[in-house]
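Below is one structure. I have some questions about it.
Going by the order they are written in, the chains are A, B, C and D; count residues from 1 in each one.
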Amino acid sequence: MSQNPSRPDRYRWHAHNARLGEYLGKPEEDGWRRRWYIIIFEAETRAGRRFDEILLLAIVTSVAVVMLDSLPSIHDRAGTLFTVLEWLFTLLFTAEYVMRILVVQKPWRYVLSFYGVIDFVSILPTWLAVFAPEMAYLVDVRLLRLLRVFRVLKLTIYFEEAQVLLRALVNARRKIFVFLGTVFIITIILGTVMYVVEGPQHGFTSIPVSMYWAVVTLTTTGFGDLVPKTPLGQFITSMTILLGYSIIAFPTGIIGAELVNTMRERSPKARTCTHCATEGHDADAVFCKRCATKLPPLSTETASSQ
Amino acid sequence: MSQNPSRPDRYRWHAHNARLGEYLGKPEEDGWRRRWYIIIFEAETRAGRRFDEILLLAIVTSVAVVMLDSLPSIHDRAGTLFTVLEWLFTLLFTAEYVMRILVVQKPWRYVLSFYGVIDFVSILPTWLAVFAPEMAYLVDVRLLRLLRVFRVLKLTIYFEEAQVLLRALVNARRKIFVFLGTVFIITIILGTVMYVVEGPQHGFTSIPVSMYWAVVTLTTTGFGDLVPKTPLGQFITSMTILLGYSIIAFPTGIIGAELVNTMRERSPKARTCTHCATEGHDADAVFCKRCATKLPPLSTETASSQ
Amino acid sequence: MSQNPSRPDRYRWHAHNARLGEYLGKPEEDGWRRRWYIIIFEAETRAGRRFDEILLLAIVTSVAVVMLDSLPSIHDRAGTLFTVLEWLFTLLFTAEYVMRILVVQKPWRYVLSFYGVIDFVSILPTWLAVFAPEMAYLVDVRLLRLLRVFRVLKLTIYFEEAQVLLRALVNARRKIFVFLGTVFIITIILGTVMYVVEGPQHGFTSIPVSMYWAVVTLTTTGFGDLVPKTPLGQFITSMTILLGYSIIAFPTGIIGAELVNTMRERSPKARTCTHCATEGHDADAVFCKRCATKLPPLSTETASSQ
Amino acid sequence: MSQNPSRPDRYRWHAHNARLGEYLGKPEEDGWRRRWYIIIFEAETRAGRRFDEILLLAIVTSVAVVMLDSLPSIHDRAGTLFTVLEWLFTLLFTAEYVMRILVVQKPWRYVLSFYGVIDFVSILPTWLAVFAPEMAYLVDVRLLRLLRVFRVLKLTIYFEEAQVLLRALVNARRKIFVFLGTVFIITIILGTVMYVVEGPQHGFTSIPVSMYWAVVTLTTTGFGDLVPKTPLGQFITSMTILLGYSIIAFPTGIIGAELVNTMRERSPKARTCTHCATEGHDADAVFCKRCATKLPPLSTETASSQ
């Protein structure tokens, strides 16, 4: 973010956007649709890069406007400016949304995709206030307008790198489910025990409230809005925290181990057999694991580059 | 949990239940006992799967009822509904308990097992309120009724995957005992020191209370109900937190290292060359990467177990 | 601690004590000194094991007495019992201290060792109250009596396993010093910045107090006794916490990496060369790294045992 | 820091300073400039080591003076002493600054370097109070004087070891940016949601304040100055904390994995067989563990660099 990305870097940052485009279908005949497709989904042309930069700036600014607008002092002073800006952003994002639908081969795929929904929700609140003011009365207006903050999710299209982290999370999902299930069971039992031990007079007014306390305590967050007052409660709390600490080492350990594996998979040490073109030989392999051909020696340059 | 498990997945999830059944003895002659055994302990028939689904739903719902019942506002409105539901669950769980005893070959093994005790405690409170109301006066009724929350432990029979995490914990138990022992000694000394430094006037009314504070601080939970007021106390607290942070890296490190080992053991890579004893061949390897000997085939059982 | 240790386990737990004995010198001629040396420092005889058990129990009980004595309600009721117990413990520990001095070959080594000092401090307070009551007036009596809590350190002689953790800590000491130095510098700058931003009116009354806050915040302890009130202060706090989180991953990473190394070193995979008796060959070694003799193949039994 | 460094250790600690000197240019002709260059930038002579020791002491003391001076009680008593000390430090650091400029070949490089700026800022406040008192009125005097605390950054020149940690951080920067970006997006959405759910009446007065709360909660810091009061808010908080915990395992995992790699690279084990390109030989290996070829000798330079 802070470093000045060189061109190959840019391509990587936008690869996710480009892949989305391919999935939605690039127009095959030349024409304005193909020209705009290249601008919107690709980053190899000057116009394409400029488009991405403007969009990024608009997303960040519009979210900042929503946030600042929630400060009463700023809302009173800059209310009109914010309204004008809001309309500018809505028009820009609406144009983007319409263009994305128009230029791709499979528009419904886009409309129903994660990014399609986000793009639609981003422009909905402002239009709704004009075309369906009576609906705005039904829902809380403020709540509706804050939906615009979800525009920040439009940023995720630039997060291609997040895929490595995401893959580690996906690989570890089963263990993480088990971990969360265990935490959930501990939370229920602990919440019930503390509800009995401390009781409503010390703020543990019901089992759900006690469970909220149990999560806050097990994870060592410790807000301090609910604290044990009785000696037995304090003893149970101490044990809970120590248990929580032993348990909580699991997600770190699980994800750490997965990350080590994921990073190793992508390492440049992968060698290719000259006979059968099998890839992914270990650094210490001498023979191809598939056809037993002798592998080329690992060049020291490659070996030391990781 | 959220993903739609395919059949092989289901079998895995229920493998723990099936193993428990084998341990308790499957009836050998055909008849209603064998039929019900298959329904209760196995998941290969339609009826067996249906039984598991109903039980799961009943456990989750009954625990939710206990929790919601503790909220005064809900208790007042839905009290009667909850009483009816409670009787339904008690009858269902009692039927399950009786059936499990009747169909297995070694019923006492089941009654005295972890799940047998949990199943008994799950139905005890409701029956006791009917058959021994005078005992309910001795013990706090509320406390007794909350015992029903332990039904949530019935869920653990579906947690076969937890065994990987559990094994890592068991392997590391010696180091974790040493770690907890060290934390305990630090807690005693720190609690005493803070009791002397801050004293009762700042809330550190006794050594046990100070030790509670020490655990809360060492683990970086920091409720804030007890905080140092004197400069010396604040300095000791700062040092304590930093010490706590260095120490607390241990459980994460220990369990992380164990998880890496445990995961490697179970990975399909764990094949050994019969010629040169090299380990760590990939799952798709046909020849030894070091001496080019043909590797033994990867048994599907091992390969699919992770 | 909870598991029932088999005999070989006992030996390991007491190995540290035995090693200390060897360092202090075992009496060579037969006699009461040698007999008592075996009882006190070794655990191979029935009397030696009984001695260890009594001592363990006495340490734990005497520390519990000091802790319970700090509770006003218990102190009032059980004061006399505690005084009697205290004298029993003091006599026992004094006898132990004198015996340790008498039976070893190099008594001064013992007196000046870590355990010698702890043993002396453990009995000092009670004797001082008798023989030098005027000194007890100089020092705070309560403070003096609480010194007895350091008896808990006598337990560490049973913590042979702690050496693995300790070695990882010692190996990583240089990196941990650098880490603590970095944290210290961040703490100073952050404390000063928050002192300027929030100022005395929000509780940040001086730079040392602000530094205490900075440690509490960087480590995500968050007592909540000092919190930022100004928007700028809250922004800086948010950044601090995120910085703290990135930094705090270091001790975990450092110690985790060291533990992985330390555990590998002690692994049963170590093989010995049949020619030159060099140990510590890697699991994938074919030839001795010192004399190039072919190594015996890694038996599958050993290979799978880790 | 606490251990008594042997001579080779000293050299390592000061290697960073020496490298800076080389970068700025060592005077080639003999004379006072070369003599002083050796004293200031090198640590091989007695005078050079003495210079470093005095400077270290002066930095630490001057920072301690600034900190203590912020305590009203100490400021009133020791104000004059502190003023005198402050002038001594300013003169010393000014002399050091001027000398560094005079003796190096490329003085502007030094002035514009990180350490040059720090050295200048360290002496600026005191001189400004004399030569430009009217400017001191513009800026808050207190704020200006506290700039002196940045002198602590002069210490970093002694932190050569920090480079290992820094390199792990630099290698992982891309993943850490993605992680921080993800945290930022979660923070915005969560802050908005809690602003809607809890609202100004429970202290969530604006989105930025809610975002501050979200960072404090996601990272399990939990100050407790803002806590959810509504059941829905408490439920969202519980989910947030568990999400936070799963996410926060990432920096630990990322940095842990990088540290393992970084430490392996620098380890003396990193030798490659010239015949079969096997890596990972132990430091004491003479022959390749795979093909028994004699290994190249381990250069002492590499071996001692860890």
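Here, a contact is a pair of C-beta atoms (placed from the backbone, for glycine too) under 8 Å apart; a residue touches a chain by one contact, two chains touch by 3 or more.
If you're wondering where the values come from, they're calculated on a predicted model, not measured in any experiment.
Most remote chain with respect to subunit C, judged by CA-atom centres, is A.
Two chain pairs, A-C and A-D, are weighed by contacting C-beta pairs, with A-D ahead.
For B-C, the equivalent interface among the listed pairs C-D, A-C or B-D is C-D, as over half of the contact pairs agree by residue number.
Centre-to-centre separation of subunit A and subunit C, using mean CA positions: 42 Å. Look at where the CA atoms of subunit A average out and do the same for subunit B: the two points lie 30 Å apart.
Between the Cα centres of subunit A and subunit D there is a gap of 30 Å. Listed for subunit C are residues 208, 211, 220-224, 252, 254, 256, 260, 284, 286, each touching two or more other chains. Taken together, the subunit B residues at the contact with subunit C in this complex read 174-175, 177-179, 181-182, 185, 188-189, 191-192, 195-196, 205-208, 211, 217, 220-224, 227, 231, 234-235, 237-238, 241-242, 244-246, 249-250, 252-254, 256-257, 260-261, 265, 272, 276-280, 290.
Residues 1, 63, 66-68, 70-72, 140, 142-143, 146, 149-150, 152-153, 155-156, 159, 161-162, 164-165, 168-169, 176, 180, 183, 208-209, 211-212, 215-216, 219-225, 248, 251-252, 254-256, 258-260, 263, 283-284, 286, 297-298, 300, 303-304, 306 of subunit A are the ones that touch subunit D when the two sit in their complex. Subunit D meets subunit B in the complex at residues 221-224, 252, 256, 290.
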